């Protein structure tokens, strides 16, 4: 069965890479060799933090009477994850979803825990969108978080837990989950902002002097939106399921926080759709500007041709070598022809001006 | 946590500016330095108005037995808003929604008040759409309104409240809310009217002599519709929620007023969609007219080329310097060639006429 | 408040005119100066008709034991309408909907009457679609109808009521409403038929020799469909609401008649959508024919250029004045060159034939 | 009222003709002058068939204890149909739907019979789709079928009923209805097959040498799909209503047969949608091939022009008649110029080859 | 009736071939002449396998107290299938669905068995997608599977059943069904992967040097997606029906496995939609690159023409043979004209450079 699953995962990963590889969204290579597990056990009075210890020692610190946050950085050590799964009674398929980094965002309400998996996005440079797969398991007194890669996006929250008078300390692990999810959704806004800047830059270029590069940039941005949509759309359903809170995993007083996150996701989707409209508007602008330039080129060609071809024809006539061509003998024949040519030239110019061609 | 939220707000604001900045919808800079708070406490018999007083004095005038409208102009003084929040028991997240001027329109039904946030639109000149974020909190005997900027759109309503026999005085704060919302929805119509005039102007230009400017104008209008849609679409849901009145915040006799507002919002959305169809029709018209002109240009080029190139060729033949070219010696050779050229010319003209090229 | 509403109505009217003005759908100017009120009170045995009388006299004829149809032609006399509103206890907002001639079709089920407002369409000439706003109020023993303009579309029905053995006389006012609505929906079909004829005419033109005029005609038709859709789509919902008859305004035996009208509206919408598909098919056809002609033009240009430019070059060579050009001295040089030119000409023709260019 | 209905029907018929007339789907003219009525009364043991008899005689044969199928070919004799309506208590509006040959497919569940109306399609030749309007009324022991035109599509079923051991004989009239509907749905497949062959033929032409004819053929096929969709889409709803069998008109054991028909209709719709996608793919292919050819033409034009215009210019220079042109006097001037021309020619060719223009 | 069905099947098959034939998805011809039936009867302790035996012997091995998997390879032997149908009480229409290899995927919940039919996809080479029709019947202690063609995709599962400690042995036939379906869904991913590779290859070609071949390849890929969608979309509904498990065919503990498969199907559809977006993006890219090249060609043509036509005209003037042309007699006339020509040439070049044409 594992062989089976593995081949699917390989295929699935390749599909995902095709879908995202064009705009250079590649996995970071710093996947931690050693998985880092960290336990933060807190209540209103005290905080205990444990890190880099063997799992058994960590579990000794685990205290059912307090709130416990276990954060796992790295998904490579399956044995370790299986141990955690055993401790918290996580189903085999749930572990699959945690370790399958291509899984779409979703929420599952299981018998005694809530499962949420999503993507965490942030953007370092113009070339790459870095993201990671993250999963949460919310139980009665614990919150498990599984990150694909080591990262410090949650660092401010850890600091806040240490502070004695923080609101987090007073509330349950469901509130902590809200804070973590809220932090991740915030990170989407900064991605959107970066892409927004790219959109603006391209738009300015296009309205000035559109090149193939601008077109490729638009295509790149469109693909980024296609991919972002893939990640954000299912999130709506997932967060909504938590906010509805039909199975009571969330304290009633905290429901509105998830409703707030849901509002933000809706706003994100709405912004994405608006951006999508804007990029197709940009495409139109690009095509039109190109067409317009083409038009100008054709006009120039036509003006030049239309003016000089008849003139050349006249010159050609008097370049013929017939013996009997009376005009050639006239004293002012040459100047007369020049005058005629000049008149034709001026008439043509007037005609094109009248037609507003230039 | 505030740092966190602030960074999101900054990103969110930038996103909004990207989405709207292209068509120069910029915030007014006259954000009031001092927040203006105004209390209007009224019942059927008397009206008490208080303005520009410290909050405590204002609250002394507040009377639970009467209907109280507290209008706040400006969202910059957070302390003051927090005081109001405390007085009326407003949740922290609700205050967030009031002060986050990028929030989408929505309605929230909380335990003892109804919350509505929306955008207020009006249009001063051809260049800019001015809008502001406005929020309402409707409680048992009070209505709070929070405006982003100082404005006098509600001035007529204030006058009306002062009038002794006004219907507003007889009814509750829910009716007052209806009147305020109705005033705002009316303002959308004037925006739509202005854009409608632009559409008409552009359409006339295009059908005459389309230029790149007209295309850019169409794009600008399309973006305006995209943005308007963002603001008006969620309003439907928000107003509908109030009109359904599941939690009884609205007096039964006043439900139909909100149903009426809902009708207007539906009509607005419908008009927006129709306008959207019209702009894409206009785009087609523009592209087609451009194509048609291009076609005319190409035809001219082809006619000129097709007529004169063969003629020039004939002239070229008799411009050759061969010793033995009998025609050159003929007495009427020259005139014969001129006659042939004339015939070809006429035949070509007839051919193109027959083909209906001009 | 009236000032307020008026400004909205003005804006709304302008918006509607923008949306429809392009294809010259203008209001008829014959809005009746005097409002005409007519009462038809009937039961199975007798009919009483009263017209052009003061309202009080008319109301004296009104008889609760019989079925009463009051038809109002013209909405300009607000006092009169307010009197009727008072008599039948119509709400202020309902009167607004009756007199607001830009209101979308809709059905409202009120406490003791059913309200339906819709558009009545007919078409006189190629230039204009004439329509008017019409509203119905169906009560227990009465049916009120408010027409924007004087018209005789209901004349056949009046005649039928006068006939002793008509089915209308035997049934209630709900059946009368059905007959009126059915008459209106029928009028849509004749509009559709007219537009259908235009479509056919344009299509024939395009397939022969498409001009800019045809394109403009297509655009005009597309706009007509956009507007028709605006008027017919909401009708579906409105009629469906009546047919469902949840509040019992319609006699059970008459429900199926409204279901039948509903079927016709569905069929109308379906036909509109099909027409819409056809116009976009026509657009494709137009663009393609234009492109094809462009292609032909370019081919001609290319053939002429490709044949004659090399020939002209050869002529140009032997037009050079070098002292030492042996060919020029050859006896048959000229004829040889002519032969070569002829061969090139024929080869070119053969090549283009082979390439199937003409 | 009839006048009224008639004018609608006339308009409706014209609309339908517009919608379908372009691809020459015209009504067969062989509408039977005399309506043919046929009664087949059967049970497991015996079959009685009666045809071409006066209605009263036919009704004498009708037997409530057996299953009776009355088939009416031709809708022109309204008196006769009214008689049948009276016998089986059919509502006036239902008769309207039976005789209105432009009615869309639908199912109505009435008090004591089920009504189904649909289109029967078959295709004789490349030019025409022949179809007819058919309606069924299913009662407790009877099935009425009303065909617009005489036809023998049901002939095999009649034969089968006559056979003693046929399954039809054992089951009720609902099963007979299934068999008839199934036969009709089968006929759609053969239409689809024919169109599919056309699609294939056009596609092959386009990929070889696309002409305007192919484009017109695509347009014709697209219209055929638009029309087919109009006929098949509402069928889904209609058959689904029967298969759901909420009012028990169908024997429970026969429900699955209608579910099977429903499956086929879904498959038909799905195939239609896929074909629609294919035709738009074909349109792209056509446009692209045309564009590609245009491109080739332009390239040829450009190559010829770019090569010969500079060469002609050189020849032109040495065709000038200045007294003092030293080159003309050189002994090898002519050959030198020829060599230069040759070099330019070869360089141009090399350049275009390098640019992969040919 | 069979004749009837057969003709439909023939039509249906042709339709399917049209829809898929273009991209050479043809049936494998190795349809087994002899149908192979195989029985695997297992429980936690033992496994009995029987193959290539007469049906009666096979059925003797069938044991209601164990779990029985009967796999049928090949659908040609109708008698045999009818025997199985009789044994397991399968309805006539269900057998139709099993043997109709063009049937769309669907799930039917019958009285005492669950029926699922779907397509099994795999891809051998660049030219062909090979697929087969597969159906499952899940009863209390048995699972029947009917494959269109002989294949070894289930071989690993057979091996796994033989293993003593496999999870399959411990669970019911519903779990076995899950494993089979899961294997098939996995096979879709490998198809998607192959197409993904093609997409990538084409995209690279296009961005370099687009040819008609690339366009045809895009069209081919688009058709492949259209067909894949036809096969995968209905699967969603089918699997969802099983996962919902309203009639209890699946053990509650196994429900989540089907939910997992459902997730994968959703992911597949999502990936397909994203690919579809990508191909239309690719189409844009192709069209744009072609347009851009066309533009370049036109520019070159215009530059050459615009430079040399005026120069040729000047040469033409001094090629005229007038007796009185003073310039011809000037000593430096020739060199002066050359200088003027040179200046014009340089000015033109500068102008085009300034206009950024090259």
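Going in written order, the chains are labelled A, B, C, D and E, and every chain counts its residues from 1.
FYI, a residue touches a chain if its C-beta (ideal position, glycine included) is under 8 Å from a C-beta of that chain, and two chains touch if they have at least 3 such contacts.
Please read all numbers here as calculations on a predicted model, not as lab measurements.
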{"item": "Chain labels contacting chain A and also chain E", "value": "none"}
{"item": "Chain E against chain D, contact positions shared by both copies (same if over half, else different)", "value": "different"}
{"item": "Computed distance of Cα centres, chain C from chain B, in Å", "value": "27"}
{"item": "CA centroid of chain A to CA centroid of chain D, Å", "value": "43"}
{"item": "Where chain E touches two or more other chains at once, by residue number", "value": "294, 298, 301, 305, 309, 312, 316, 319-321, 325"}
{"item": "Category of the chain touch graph - line, ring, star, complete, other", "value": "ring"}
{"item": "Chain D - residues contacting chain C, complex", "value": "1, 3-5, 7-8, 11-12, 14-15, 18-19, 21-22, 91, 93, 96, 103-104, 106, 209, 212, 215-216, 219, 222-223, 226-227, 230, 234, 283, 287, 290, 293-294, 297-298, 300-301, 304-305, 308-309, 311-312, 315-316, 318-321, 325, 327-334, 337-338, 341"}
{"item": "Complex contacts: residues of chain B adjacent to chain C", "value": "156, 160, 167, 179, 182-183, 186, 189-190, 192-193, 196-197, 199-200, 203, 207, 256-257, 260, 263, 266-267, 270-271, 274-275, 277-278, 281, 284-285, 288-289, 291-292, 294-295, 298-299, 301-302, 305-306, 309-310, 312-313, 316-317, 319-325, 356-357"}
